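Chains: A, B and C, in written order; residue numbering restarts at 1 for each.
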């Protein structure tokens, strides 16, 4: 279980995250929703240990999250891969570095689950479509079987068809692999459809955390109500009430 | 701003301290007995083993590098450069005499360099890509490839041996400075031409210039008020490098032309293993170099506060 | 620009084949024929000891170009390693490494090389040491600069998350992106090394006689400036042409890279 308590992050003189507390049980999904600049990416960087918080704690089952090596799926699929290496070389990095046993069978199963032909791994990132690149990105995140995977706007670089497809694949794989997913997104419809819980971030503070159903039916705060109504108006979220 | 200036000063201090340590390390590791070298540098006398051993203990050479370093640094901080073991005289007067030959040569070379490169760059950029431009670039490339000592020999051959117009060796009259200044100045001109040329071309590309032209501002005043200052920035940036080039060239040119300046002083000191003289020149060079670079950085920050904000 | 490449390749071939092409032994002394002007027997004449200047020039290419290559590669390796340590090692390591680099830059490179080579005692090894130890700083600055710009790229973040060891990180995610710029710097430093070697040779601190090196050949020729002025022309011309060819190759390379990165 991921527990973030009273997390505070300062960048220069500016405080970008105030007093964030949230938790994510193993195997569950938490969507973090918020507008640009709300501090979503900072939250991810802090959980991954890429930046040092100025206060608070982040832990996985009481130990530092670093110990379980959480993986990250990035927003820009192609930029996440070294252009001079083959995709296979890139996805094998966690395997080699952490000395993990990876059977050919498991690699085939993961590729099948992501609907990726095996030979695609021998190409360079520039030689595959963006949708394929993102699925290889998910493959890399899964390969070392981390208990926690963070998704930073995993769908926003994809077209509408690829978005639906990829969202479904992530859900299916989560069922098989059992990782906990923290998904940062600005797509409330996606969040409500796939997450167990939704946290709304506004200007570095948590505005509201709720079960996604409760959230869709009846957000407590005014801001979240506006967000929900906007999503309904755009057709991204079906009106439940 | 104040923080940035303090940062620069701290940097200069660290670099200068490092340079002093490097200089001492060089002396420490040079073949031969450093205690003897220091003793010779200190005392104007013939040395017995006893005296050397005394110095060894006094300076702490029998102990550690650092203790020895501090003992050496003490007099240096009071600008006491000691005695030369070879000449038997204090270092300062001889060094000052050498500098008195080097300074005029350095300045006149710089003057030659500017007098050649500025008009050449202006002519070249009148029509970028035209024949004048290509000729200037080719001349600059050629000039960059010609070593100072070869150019010096050719000039001697031409003007002293064949034409017998100018004296070649020594420094007794101002005429003796012409060939060395020309040798070094042409080298300076070669690198400056390139830099000024690209500076002017870049400044011409400034996005606001077409707007001035549309408003009917005269081309000449655009050049003076807007192109020239922008073209000067890259020139100031490389002043440090130019200074290095000048100092390197000075050593060789002085040796070729037999001028008793700093370069000759240094080479003779190395050949005679006159450690006190070598140290003096090396520390002085580093000091000038660091000071000039500091001055450039400071000027920069005052002229354009944006520069260097992100650079730690 | 193709002609530039051709010129550069011709010089490399000359350096490689020079000893084969040379008509005489470059160190064979022939006093009766000393200081002869160019003639059918000695195409470029002979020096003060009657040695064939053409043969010395051709053998000298191996000394001058070979040593310059060695020195520029040694400083490339030192500088790149140091620059990468600065870029990968975090803020404190960066500050310390870069101040060390600044310290080495506090001396004009050639002046420092002259002092080091002179104090170590003349000879090929001290020449190599002196020019390498004073020639790595530019590589370090370039490697560090590009290294810092690579740091925030997605795949570097991924590699860090994967706990890739620093060595592999540098090898796979930094080095490939450094190579183009470092190659441009390297051509410049190669040319500088040729000039440095011949300058030290000219001062008598470099390659020692009787080995034919262009700078020391100039030193020999200088004494006979009045009687056989042509003798001093050849080694200088060799240096100029080599440096020019390498510099122009470097310029062409830099332009090609700029074109690739910012196509018009």
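Just so we're on the same page, a contact is a pair of C-beta atoms (placed from the backbone, for glycine too) under 8 Å apart; a residue touches a chain by one contact, two chains touch by 3 or more.
Owing to the predicted nature of the structure, the values given are computational and were not obtained by experimental measurement.
J.: Can you tell me which chain is nearest the middle of the complex, judged by mean CA position?
T.: Going by the distance between chain centres and the overall C-alpha centre, it is C.
J.: Comparing centres built from CA atoms, which chain ends up most distant from chain A?
T.: B
J.: Could you quickly compare B-C and A-C and let me know which has more C-beta contacts?
T.: Here the pair linked by more C-beta pairs in contact is B-C.
J.: CA centre of chain A versus CA centre of chain B: separation in Å?
T.: 57
J.: Quick one: chain B and chain C, Cα centre-to-centre, how many Å?
T.: 21
J.: Distance from the CA centroid of chain A to that of chain C, rounded to the nearest Å?
T.: Computed from C-alpha means, the inter-chain centre distance equals 51 Å.
J.: Indicate the residues of chain A shared as contacts by at least two other chains.
T.: Within chain A, no residue touches at least two other chains.
J.: Once bound in the complex, which stretches of chain B touch chain C?
T.: 11, 14-16, 18-19, 22, 26-27, 30-31, 141-142, 144-147, 149-150, 153-154, 156-157, 161, 243-245, 247-248, 251-252, 255-256, 266-267, 270-271, 273, 278, 282, 285-286, 289-290, 312
J.: In the complex, go through chain C and note every residue touching chain A.
T.: Touch residues, chain C against chain A: 153-155, 157-165, 168, 172-173, 176.
J.: Can you list the residues on chain A that touch chain C in the complex?
T.: Spelled out, the residues of chain A in touch with chain C are 48, 50, 69-72, 74, 76, 79-82, 84-85, 89-90, 93-94, 96-98, 140, 144.
J.: Provide the residue numbers of chain C that touch chain B in the complex, in ascending order.
T.: Chain C reaches chain B through residues 91, 94-95, 99-100, 102-104, 106-112, 114-116, 118-121, 191, 195, 198-199, 202-203, 205, 215, 218, 221-222, 225-226, 229, 232-233, 236, 239-241, 243-244, 247-248, 251.
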